[in-house]
Structures are given as C-alpha cells and as structure tokens.
Amino acid sequence: MNSSLLQSIVDYVQSYLSSNQTPGVAGNWFWATVYVLLVFAGVSVGVICMNWLERKILAHMQVRLGPMRVGPHGLLQPIADALKLLLKEDIIPAEADALVFWIAPFIVDLAAFTVFIVVPFGPAHAVTDMNIGILFMLGVSSLSVLGIVTAGWASNSHYPLIGALRSSAQMVSYEVAMGLAVVSAIMMTSLSAEGGTLSMIGIVQRQQEQQVWFVFKFFPLGLVAFAIFAIAMIAETNRAPFDLPEAESELTAGFHTEYSGFRWSLFFLAEYAAMMAVSSIAVTLWLGGWLRPFPNALHGATWDLIFSFFPGLTFLFLGGLCFFNASRMPKHPFFKIQTMGLAAFGAVLGLIGLVLFVPGIRERVQDIFWFTAKVAAFMYLYIWYRGTFPRYRFDQLMKVGWKVLLPTGLALLILTAVVAMRTEVWAEVVVPMWLGFADLLRRIF
Amino acid sequence: MTDPKTLSPPSLETHVAARDETFLDTNELVINMGPQHPATHGVLRVILRLDGEKVLGLECVIGYLHRGVEKIAENRTYAMFNPYVDRMDYVAAVSNGLGYCEAVEKLLNVEAPPRAQYIRVILTELNRIASHQLWLGTHALDIGAITPLFYTFRDREEILKIFEKYCGARLTTHAFRIGGLQYEAYDGFEQDVKNFVKFVKPKIDEYEELLTTNRIWLERTKGVGVISGRDCIALGVTGPVLRASGVKWDIRKAQPYANYKNFDFEIPTGLNGDTYDRYLVRMVEMRQALRIIEQAVEGIPEGPIMAKVPKVIKPPVGEIYHSIEAPKGELGYFIVSDGSTQPYRVRVRPPSFVNLQALDLMCRGQLVADVIAVIGTLDIVLGEVDR
Amino acid sequence: MDAMLHISTLHYLVLGAALFLLGVIGVLTRRNVVIVLMSIELILNAVNLNLVALSRYWQGMPARLGGGAQALHGQVFAIFVITDAAAEAAVGLGILIAFFRNKETVNVDEVNLLKW
Amino acid sequence: MNPLVANPPVATPFFFYLLSGIMIIGGILVITRKNAVHSAIALITALLAQAGLYLMLYAPFVAGVQIILYAGGIMVLFLFVIMLISIERTMKERQFNKQWLVGIAAAAALGGLFISVYAKGKSLFPEGHPLYPEAQNTQAIGALLFDSRTGMYMFAFEIASLLLLVAIIGAVVMAKKRI
Amino acid sequence: MLFLDHIYLIPLLPAFGAAMMFFFGRRVQKATVSAVCVGVVVLAFIMACGAVLQYTTWADANHHQPYQKILYTWLGTETGHFNFLTKDGSQAVFQADAGFLLDPLSSIWLLFVTGVGMLIHIYSIGYMGHEGGYYRFFGYLNLFMFAMLTLVLANNYVLMFVGWEGVGLCSYLLIGFYFHRKSASDAANKAFIVNRIGDAGFILGMFFIAWYFGSLRYTNVIAAARSGHFQIGDPIITAATLLLFVGACGKSAQLPLYVWLPDAMEGPTPVSALIHAATMVTAGVYMVARSNALFLLAPTSMKTVAIVGALTAIFAASIGLVQNDIKRVLAYSTVSQLGYMFLALGVGAFAAGVFHVFTHSFFKALLFLGAGAVIHSMSGEQDMRNMGDLAHRIPITYRTMLVATLAIAGIPPFAGFFSKDEILWQAWTREGTAYHILWFIGYATALMTAFYMFRLIYLTFFGKPRMSHEVEHHIHECPHSMAVPLLILAVCSLSAGWLSWPPSLGGSARFEKFLDPVFAPEAQVLQEEGKAAQLAAGEREAEHTSPSEYLLMFLSVAAAGVGWFMARRSYENADKGFTEPIQAISPPVYNTLLNKYYVDEAYDYAFTGRRKIGDVRLGVMGLGEASSWFDANVVDGAVNAAGWITRLTATISKWWDTWIIDGVGVNGPAILARMLSYPARLFEWGLVQWYALVMTAGLVGFVFYYVYH
C-alpha cells in the first residue's frame, strides 16, 4: 500500500477525529456509514457477550456452572448457538400467514437496532444527533410492538396470539409511565441557560452543565423518575419479572412459540438489543451518559488522567482474569487446547488494554468506556432480576403499570414542573432540609 | 350457566350448547393445555374454558401414563408386587413402599421389629423432605422464580445420596420388605443422617429467604386457588392442601402407624386455604420432618430388622385397608386376599388423583396464570394419578 | 425534467392529493370497516402532509406576509390532526367491536338500520 | 452547533421519490388487500415513509409524533382490534360494495379536478429557500402551544386533551361487554 | 347556661348514635357499637343533669317559668297558608315549633329517662353480648331514647306526638326484635295496632284543642285554660280530655287497651325494663299530667281517669296473682302500678302520681333487670315453676330484687311506700263515697301486689330447686356490666322515696314542692269547684298530720305484711308440682285469672275477622269484618265513585283530544309533511358509504364551482 495513501487516510481520520461533531450532524456520509456499521457490530457483539454472560452469571447465582464445554469456560458457546440456529430448518406453519410471519421478526429487529442511531456514546460518538432524539428513541422502540403483535397473529395459534396480546397491552401500558418519567427528565434540562432539549447529546451536556446527574437532581424527584423508568423499561423489554409474553410455564414461549431457527434468533437478537437500547436511554437521561464519575468532586487534570486509565485497566484486569483461570485449568492434556485458547484470549484482552493506554486513543475512548460500563451495570441488573424474582401475573402487572407507576409519574411530573418553575424555593427550602438531614445523620453516626 | 360454587362442573358439551344460545358473547375461548405443556408436571391434559384470561371452568384429561399397576398386582405374589408401588409416586417411593408393606403386614398380623420401624421412619421422613423440595423447586419455577429449583435440587441430592448408600437406588428405592427391612443400616448411616439434618436446616431458611416475603411471590400466591376446608373434605382432598385450609388432619397423628406416636411433632395448618398457605404448610412440614428425624436417629434401638415372616407369603382370607400420610396426602392400600400367594385385588387410593379433583373448583374465576400456580401447589405426580 | 428534480411544495401537494384520492376510494368502495377506517387515516395523513408542506412554504415567505421562522402553524395543525385521528380511531374501533359483537360481521353495508 | 447553518439537503429528489413511491404503493395496498392485517402493515409502511417526508420538510417534531402516535399507537390499536374480531369470514366474501364503480368514478372526478387545479395554480408555489434552523423546531412548536406570550394554541390544546378524554370514555363504553 | 342553651342536644345525641348504627353499624365491632351507643346516652344523661341544675337556678330568677328553647318553626308557616278558624271564629295560625320546654315536670321525666336509660344501656352490653343483631338492638334503643326525649322535651302537642309515635315505633321494633319468632312478631303487631287506637284518640284530642284554643303550644294552651274564660265542665274540653285519655290508655296500657303490654314481654328483657316498665308506658301519665290544666276543667274526665285507673290496678293485680311466667307477672304488675298512677291523677293528686312514676321507674326497672339476670342465669327459662332455690346461687340478683320487691310492696322505708301511701291518702281524703270505694280498691290492690311480688320472690329464690340438671349446672351470677346497674337501681329503689318524705313523718315533701309551679294552680281550680279547700297548699300539712293518716299508713303496711305472710306460707317450700292456694280454694276463679279473664279471647271473639283456628272460632261477632266491610264498601265506594266520575270525564276529554286536537290539529300537518317529504326520503339509504359518496360528489361540485365559476 502506498504510504501517501495511508497518510491521507490517517489525515482524514484525524481531521474527522478533531471535528468533534457527530457524522450525522456534520453531514459526513462516509463516517456515518462507518458508525452505523460499528454500532451494529458493537450491538451484535454485545448481544453475544450478553448471551454468554447471562448464562454464566445466572448459573453462578444458581449454584451451577453454566456452559463449560464449548471453548474454555464455554466462551465459544454463543457462537456455537448462533451456528446451530442459523443451520436449523426454518419452519413456517402451514396455517400461518407466511408473508406476515416472515416480516414480523424484521420489524422487531429494525425497531431494536434503529434506535442506536441516536445513542450518544460520547459527545461526538453517535451516528447522528437529532433534535428530537429522545422522542425518536421512544417512538422507534415502540414500533417493536408491531412486530410482536404481527408475529403472534401470523402464527395462527392460541398461545402466540395470547402472548402477542399480552405483550402489546403490556408494552403500550408501560410506555405511558415511561414517557412521563422521560418528560420529567426533559423538564430538568430546561433549567440550563441554553434551554431545554430533546437531543440525546444535549441532555448529557445539560447534565454536565448543571454539574449533576439527573438521578440526583431535586433529590427525591429525579430518583423517583429514574425508578419509574427503570421498572417500566424492564416491562417494556419483556424481561423478568415482567416476562409474561414469553412466560414459559403458561404460554410455552409466548408470541414466538411457532418460530424456530434463524427467525427465532432474530427475536432473540432484538430482545437483547432492545434491553441495551432502553438501558442507554436510562443512562443518558439520568446517569450522565458518557460522563465519568465525580467530574465535579474529583476534577482537574490529574484526576482526568487517572480516570482515563480505567478502560485500559479494565481490559488488563479481564486479561489477567483469563490468565488466572487458564492457570487453574486441569493439567490433563485433553484440556491443553482450551488452556491455550483461554490464555490467548487473555492475551488479546491485555493487548487491547495496552492499546487503550495510548494517549490519543485513551482520550477518545474513555467516553465510550464509561457509557458502556453504565449500560453494562444495567445489563447485570437485568440478569440479577431474572435470578431473583418470580413472575407477575398479568392483571397484577397491569395494576402496577396503571395504578402505581402512572399516578406516581403524573404526580412526579407536576412536582417537577412546580419545582422547575420555582427553583429558588427548592434551593431555599428543600435543599437546606436535606442538608440538615444529612447533618443529622452525620451526628448520629 | 351453573353456579360456580357447585362442586360438579358442567361438562364441556353442555357448556357449548349454552354458549350457542347466547351467541352475542363471542369471547369464550377453549384452550387445551398439555399433555406436553411444561407446567402440567408430566402428561396432564387440561381443557380450559376462558373468558379472556379468566377461567370459567376446566376439565382434566388423565390416563396418559396408565400402566395398570393395580391389575399387575393380581398376577404377582405379595413380595413381587412390592417394587411396583415405587413407580407410582416416583418422587416419594419410600412412602409408597411403607404403605404397602404395612398393609400386608397388617393382613398377615405381624409387626416389624422396633429397629426396623425407626429406620423406616427416618427414611420416610427424608423422603418427605425430598418430595417437598422437588415440589418447591418446580412450583417456584412455574411461578417464574428459577433459582429455588437449583437450590432445592442441590439439597435433595444429599437425601438421594443417603438412599443410594442405604439400598443402592436413588429414586425407586424398594427400601422396605414385608415384615421389616432387607438391609441393615450401613456403617455411618446415623452420622450421615445427622450431618444431613445439620446441613439442610440453614438451606430451608435460604429457600424461605428467597420467597416467603417476596412481594411478587406474595401477590402470585395469596388468595390464589382458595379452597375451604369444607370443600376439601367434600372432595376427599388430603395432605398439605387440606391442612392449609385449616383442617388439622394428619394420619400420623390421627391414626398413628409405624411408630409415629413415639415422636413429638406438630401438624401445621393454614388459615386461608390459598396457595401461599399451602407453601407455608409444606415449609413447616419440612422442618417438622427434620425434627422427627432428629428424634428417631437418636433413639434407634438395637435388635433384629426383620420379623418372622414365612418364606411364601400367604395371608389369610380377608381384606384390609391401610393408609399412611404420604408427602402428598393420604395414601391408602386396599388389599383383598383369597388366601393364595397373590392378592385377589389391590386398590390404591392415591392422594394426587383425589387432590386433582379439586383443581376445577380452585381455578374457577382465576386467571390462566393461576391455573399454573394451582397445579403446582396441588403437588401432583402423574404416575400416581394414572397408576 | 428540472421540474421533476427540483422538489417544490407542489410536489408534496400532489402527493397529498394522490393519497387523499386513495383514501377516498377506500372509504367509498371497501366493505370491511377496518379498512374503511384505515382509509380515513390515509385521508387524514394526506391532509397532514399538505399542512406541513404548506407550513414549510410559509416559512419561506417574507415576515410581512406572516411568514418567517416562527410560522409553524401548519405543523401545529398537523399535531392537532394526529390527536384527532387518535381519538377517532379509538372511538371508531370501539364502535366496531360493539358492532361486531352484535352482528358477527365487519361489513359496513350490512349496517343499514339508520334510515327513514 | 450554529443554529443558523442548516445542512444542505442531500439527494432530495431521490429520497422524495423513494418515500412518495412507498407511500403511494402502501396506500394502494391498503385499499386493495383482502386481509386487514396486510392492509395495516402497508399503512404502517406508508406512515413511516410519511414521517421521512416530514423530516425532509424540516418538521422533525411532527415526524416524531407521527412515529410515536401513528405507527406506535394508533396502528397497534388497529392490529389489536383486528385480532379481537375474526376476519376469516370477511376474507371469503366480496371485498367491494355494490356501488364501487360509482365511488371510483366520483374519486376520479375529484382527481381530475385536483389535476386541473394544480395545473392551473402551478405558478402559485415557487419554492422558497428558508434556511430554517431545524434545531429550534421543537422549541418553536412548544412556544406556539404553551408559551404565555406566543402560545396562541393553548386553548386548542386543552380542547384536544378534552377530546381525547371523551374519546377514551367513549371507546371504553362502546367496547365494554356489559355496562 | 351552657346545657340549657343546648338542650336540643339531649335528644339529638341518641339520634346521632342511632344514625351511626343505621349507616355503619353492620360494619363495626361490637366494642365500637357499645362505645358509641352507650357513650351518647351517658353524655345525654350528663347534659340532662346539667340542664336541670341550670334550670333550677334559672327558674329562681324567672318566676318559675318553664324554660323554652324554640329552634325554628317546624310545621306551618307565619305566612298564613295554614291558617284555620277556631271555634269562636277567629283566625289562628297553625304552627308547630321544633321547640323544647323544660319545667319541673319535664325535668323529672328527663332525669329518670336518661338515668334509667343509661343504666339499662350499660346492662344491655352484658345481656345482649352474645346475641345477633347487636348493633341493631343498640340502634333501636338509641332511637327510642331520642323519641322519648323528644316526647318529654317537646313544647307543643304536635312535637310530643312525634315522640309519641317514635316511641311506639321503637316499641314495635324492639318487641319484634327476635323477628324470627312468630310470637314476637305477633306481639309487636299487637302492640302497634292497639297503640294505633290510642293514637287516634290523641290526634282527635289534639284537633279539638287546636280548634278550641287556636294553638298547640303548651304555654298558650295552659295559659288559656287557666285564664278563666272557660266553664268548668265545658263539653268540648271534656271531649278533648277524654280523647287524650284514650291516647294515654293506649300508651300506658290502661283498661281496655292494656292487652298489648303483657305480650310485649316477648322483647329482650332490657327492652321490657326500659320501655315497658320505666319510661314509655309512663308517657300517658306524662301527657295527662302535662294537660292537667285541661283536665281540671273537665271533672267528668277526671273521674273517668280515676275509675279507669283503679279498675286497671285491681284487674291487673288479680291476674298477676297466678301467672307463672316471671316477666308476665312483672308485666301485669306494671299495668297495675300504672293504674295506681292514673288513680292518683284522677283524684287530682298530680304530684303524687308523678312521684309514683318516679319511684316506680326505679324499682320496676330493677325488677325487670333482675328478672333478666335470673333468666340469663337460667339459660333462658322464664317459667317460675321451674325455678327455685336461687337465692344463694345468684346473691346479687336476689338481694337487689328483694329490695325492689320490698319497695313495690310498700314496706317502709323503701321508695314504694311513700308514693303509694300518698296516692291512697289522697284518694281517701277526697270527699264522696265513690272516692272511698276507689281507696278501697287501691288498698286491695296493695295487698295483692305484696302477695304476688313475694310469690315471685319465693318461687324464684326459695323452695326446692325445680330446674333440670343441665340448667342447674349452668347457673351463674351475671357479669359486671349487668350487676352494676342492678346495684345502682337498688340504691335508688331504696332511697328515691325519701325525696318526698311526708310531713306527717317529719319530712317536707320536697318533691311536691318542686312540682308546685306546674300543679299549683290546680288548688285554685278545685277551690272554684268548691269541693276541696283542704287541698290548698297551706292546709295540706295540717291534713297530713291527722290521726287517720297514720291509721291508713299502718293499714297499708299491714296489708303488705299480710300479703308477704300469705305468700311465704304458700310458697316457701314449693317443690315440683306444688299447688297454688287459689286453685285449691276455687278452681274456676283460678282458671279465670290464669286466662286473664279471657279478655284476649273476648277481643278475638268480638273484633277479629271471622275464621277458625283449630277448634277455636274467632271473630264470631264480626266487628272487625263489619268495619272492614264498611271501609271497603261505603268509604271506598265513595272514593271509587269519585274516581269513576273522573274517569268518565277523562274518557270524554280523551276522545276530544285524540280525534279533534291530535287528529286534525297535530297529525294533519304531520301527514301532510310526510306526503310531501316522500321523495326526499328516497335518498336515505342508511348506508354510510352512500352518504360518503354524496359528500364526495358535493366536494366535486364545490371545488368545480370554486375553480371555474
């Protein structure tokens, strides 16, 4: 390859990197395409990781080992699964509506992946920044209902139909509570000097500007809104304890009972992608998006430097973990390949970690790291819930949605609006109250 | 429409006819659950009539696992039939064997020696715990809690290990013989049992920690599948289901068999007769079983393990009904002897079969999801229902 | 050709008119009430398209004619029309369910009691 | 971002014709399909395409509302209802009513009129080129709706909310089996 | 003047309790019911005490006027819509206030109604604790308290009538409390129907008063009566008072309307004690005493009252001699004592009558509550023949009942002695042989009273135990909530009489002096009648000290002693199958008495509809059917005739309306419009899509016109 061409590519990349605008906003088609591909690939890899992690974490919660056979510690299991699913026969039931049956999983996937267009991994790391970003996310993620409903209907069978009806009712119901929580967060953005915004990047910037994550803003209010959203998002993604549409013991597998093979794996993909998407919304709106922890308390160049080492350290730690486990593998020759594979995997992770210490990369990557780390925390929560909770009954689920979350959300919205209009009252009355309370606690302990 | 409180449900045909008259009502849905449904615990088939998600009535279709156990008995000698009873309630095989052996012993008018009695009680109570653990795991799984299943299976394994060490089998143990035991307790049996008791006590607390005060668990089980003590008695329902409805009836206390009257234990009863009460009753029963085991293992006497029983068992002409408190309820054997080596007739009164009758009554007006919970809480084993 | 490639407000209006006509045909000829209702949604959408397109056009007009950056009345109207459509769909489908429960059919020409 | 610099539209004719093609085809499918579910899916496609057209018209907020309300709300309602009623019988029957020819004739007449009107008034719509700051669209609509000074549609907004309330009650009353 | 100003709260408090029970009673705990219902009555009692105390001070400063508190005009208006002409032709405004009047007379009633009522409420907590309908019972009791207090505190006859009817209703509800028992509901019906007869008299009497005096407010009526404008023996006043007395007969169970009271014992015992012994049945006495000014203007009525009272007294007492049901004995005793009271009123000894009401309320309530305690301990057994030897098993009940018996028998120094002696003395001192006969009747009654009361005591508490073993096994003393009221009432039974310690024994008759403002003018009127100057207040004391009074006192105490002695001899050792002395002497008399002189049978014979139950032929004389026939044919016939005439007119009118008005005037244009609109109707297809098509066509036309016009 010609060095001048290489040079020009590097220049181009650098010129882009210094532009500090999302490709969509900048109107840069090439980079937009690259970003779309990156996000798609990233989400897919994330889903694969989630698949493995969920099985392992759940297994360890339940005093068992989980996948151990395919690859060291079952690391290759997701790939094997994916292969199996792709190679399985694609069955379309004779009585099904073939066209709709065929389309439905694509609708769901489309909805689940499209939302990632506006997810801000960093101030410039998003495909585009729409000024209706959050509205777009909510709207598009709500489209997945269509896919589920059509999938259930097209199967022409009782269980999928009931599953689909349940699912759509559930998702539509919880969208309301979700929307109310989101609106209260958006109200908080309007307190900045620049005024309110719906843009995802804008929302994070407002949090930076106001020097507070919205989860801590107006102390109990932001937290309550976050809690409402956190509950609603689990219901929205049909996960335990709200996993009624796919309640195995009742409806076999819900709306995708009749699906198999590749088409089924599309639903699987969409479910995990949707989980990540709503977690991204929660992170963006309440947990400061890409902002690193304690930007106010621990500010300054030194702290920036220390925090910027985190991504590399994490990868190094993971690599170390791999090595440690490789050392604990049985010494039998039968395990030789697995041990080597694990060690190699650890080496790759460690190398990535080392690369992440390069200053230029380090600075560009840490936004993405923090964002991903926060989303990953949510993913862990999802798994944890699944291991802990029994399943709600349908009427109870509806009750929670309409009779608990919705009124709470409305009250919260009104309170937030009042407080946002009269911030001085908040500052003079409630904040001293909390401070006094904190002081009291300090004196007691 | 019939009154939902009446005990006999209308058959599906009459209902369909009634539906035609009120043709404006288009929402009724007849759904078939099983026999391959994961939550019917085997090959139970349930035909549900639904109004939306509300159950208007249901009908159980059974017989998919029928093996003719009772008929087989007529062509086997008394001793040869003993292993077959293990295959009925295969999660509580020891109890089945105890009931059968005691029935035949009663017919022969012999009594097992004390040492055999003690070991029998220990094994039976261990089996009760195992059965309840299996029930808890699957029931929780039906309601959507995955984790308890693995916890209970982990601990049930310890019981099965003791069984295996004692008689070589884990599930269908064939542990008892007519007149006593075949095997003397192995060396360290008592220590194993003591260790197990010590091991499992905190584990039961662990199950309860996961479920007893869990909000969702409470919402899913409280007020679900309520049945009154009156209805229980009318339907012949026994076991934890009956006790959870507030009727203090346990054959171990009411008509003591083996040597249960030597042990000090409580009979837990519920107040509301709902699924949650049944859960609590079974949890307490596990603890009480541990209490019995503790007492029994301390007091095992020395002595023979087999009473004097003729080589060829030929009971005198007559008939006998003997019942014991199996983990799922009253397990009774009715044996008619014509004086030959083979029973003239054996009739088993299986608790699961009788308890299953209550399903329709308990599910009316509930939601589909509750049907699952109620099937789980009835703790049926299809091997025993179909025999 | 240039007129075809240069997208003006008129293009949107023509598209709106075409959709409107499709909707009208659906309303006038289909028997299935559900599809009739969907055709009504088509009509409403055609109107919305016109409103937004004209709002866009009006922004290009000088401020003295009431145009300018803040002339978003068309879009506001479109939002109201969407609201209206939601209400209409809810009530229409409610009627449809009641209708189906009584007649076991969704054919609109089998409902002809309201006459004379 | 500098609000006064809007991005130059990219490949406008292409996207316009793509989207309007989807819309027209979707519309035709809506009124011709036997199966109401297919119609609904076609309609959803058309509506999403229309949302794209709104974006092209620099009306992102309306586009968002279109997606969230039309595609995510109203059409789900439609699908829900289609599933509640059984459509097998309807699918086997005649799809068009007796006066379909008259209807199409009337629509054609209307279409002819439209053509003549647009042909006549073609010169009325020279395309202006407002460099409109898209980023402020939502805020501007908000101001029109709610602002205490410029909010001239506040009353209409309240009326709309009342309308929705009435519609909710109406729908519940209609669809409830026994009142 | 806190209590006096808010005197209306006294009746309203129990009304509040009743309303609470009505609305929420079913849902609340028994403890709550007890707290609310008893609480309001205790409050009412406290307020009543306060109000009376304040009234005494207020009265001293206001010439012993009655205190009136008028809340608003309840019936009628000031505007004259309800005006009517009085007898002398002047316009009068018909008006009834929601007003309250407190004077010494109502003070006494107020105190013992709330006081005894309170005790009985407390007693009921224990007595009714295990019964169903607990809240219902207390709700009725509270309602009764409200009605009774309204009756007592009303300041006019109409409001009094409201209370009068209210207590009647509550009596009905409470007698029929165990409505699942046929006998109870029959008794309730009987009480209600018999009371209706009396109420009719009351209403008519009220009409007379309104017509004659032009007002129904006590103060106006009494002022008018005492003004001297009216002749003594004025026939209209005589008629009015006689009619009022009919009402009193019904409510206070006098001959011949007493029949409901013995049957009323079907109700729970606290009810018998509260309503049918202590309070409600004295409403008649209250009404006559309240109308004393009118009665004094009608000597005939006074004599009627006295004779009826005396006859009732001896009649009921004689029946009571042989009854076996413990509550029935007490019921006849009540009737008999009420007869005493009317005797007193009839001879003009209003204060003595009121005093007897006062003392009687204590000891009779005590007797009933004691009887209730006995029944409670006997597991529901009421027949005295199956009791015996209870004295040491339920000592509190025994002792308190003994106190009450001593009181009712008239043994000094118990309460009954003073009041009864006063009545007999007053009867004796009226001049005329007739009054001496009345005195003798009263004297004989006193003897009988002592006999049957001690018969009750001996049969119940002494002799051999005659109950079955299970019952004997269950005998137990009553709970505290029952015992405490018994003890309090026992103290009252002992000491209530001391309030009017006769001057002849060194006392000062404070009670009568307290009542003087109400009854004082009586002396004046009697003087005008020219008969009894000795009743003038100044001379009364002198009369009292005459030797004949001591003689009479001795005689009545002796009579009581004789009755006691006879009862003791006959019943002290009664065993199973003991013989009644009267039966031994004269079986026919015994049977007559046991069957209550066959009065119920006679009423059935005379009044009820003709039918046959078993071998008994009822309603032979068919008076009931006759009146029914009269009602059905003559009265209803007249009504129907009016209806027929209306109908005929209506038919004609309808024909006119149908054919002329509607036919020509209304339908004509409509038919025309229909014919003309026929072509337009063709466009109503009823198919929505046709309409849409027309709309589209219209749109085409519109656009076409707009573009190419």
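Observations
Chains: A, B, C, D and E, in written order; residue numbering restarts at 1 for each.
We adopt the following convention: contacts are C-beta pairs under 8 Å (C-beta built on N, C-alpha and C of every residue); 3 or more make two chains touch, one makes a residue touch a chain.
As the structure is a prediction and not an experimental result, all values here were calculated from the model.
Of all chains, E has its CA centroid at the greatest distance from the CA centroid of chain A. For the pairs C-D and A-B, the larger set of C-beta contacts lies at C-D. Using CA-based centroids throughout, the chain positioned farthest away from chain B is E.
Chain A and chain B have centres, each the mean of its CA atoms, that are 46 Å apart.
For this pair, chain B with chain D, the centres built from the Cα atoms lie 62 Å apart. Between chain B and chain C, the centres computed from C-alpha atoms are 65 Å apart. Averaged C-alpha coordinates give centres for chain C and chain E that are 80 Å from one another.
Residues of chain E found to touch two or more other chains are 689, 693, 696. Shown for chain C are the residues in touch with two or more other chains, namely 24, 28-29, 100-101, 104, 108-109. Chain C contributes residues 4-15, 17-26, 28-32, 34-35, 37-39, 41-42, 45, 48-49, 52-53, 55-57, 59-61, 69-70, 72-73, 75-76, 78-80, 82-91, 93-98, 100-101, 104-109 to its touches with chain D in the complex.
The part of chain E that touches chain D in the complex is made up of residues 689-690, 693, 696-697, 699-700, 703-704, 707.
Interface residues of chain A facing chain D in the complex, by the touch rule stated above, are 21, 25, 27, 29, 97, 99-100, 103, 130-132, 135-136, 138-140, 142-143, 145-146, 149-150, 152-154, 161, 164-165, 168-169, 172, 175, 195-196, 198-199.
Against chain C, in their complex, chain D makes its touches with residues 12-13, 16, 20, 23-24, 27-28, 30-31, 33, 36, 39-40, 43, 46-47, 50, 53-54, 57-59, 61-62, 65-66, 69-70, 73-74, 77-78, 81-82, 84-85, 87, 89-90, 93-100, 102-104, 106-107, 110-111, 114, 118, 122, 125-130, 132-133, 136-137, 140-141, 143-145, 150, 153, 156, 160, 163-164, 166-168, 170-175, 177. By the touch criterion given at the top, residues 97, 99, 102-103, 106-107, 109-110, 113, 116-117, 120 of chain D touch chain E in their complex.
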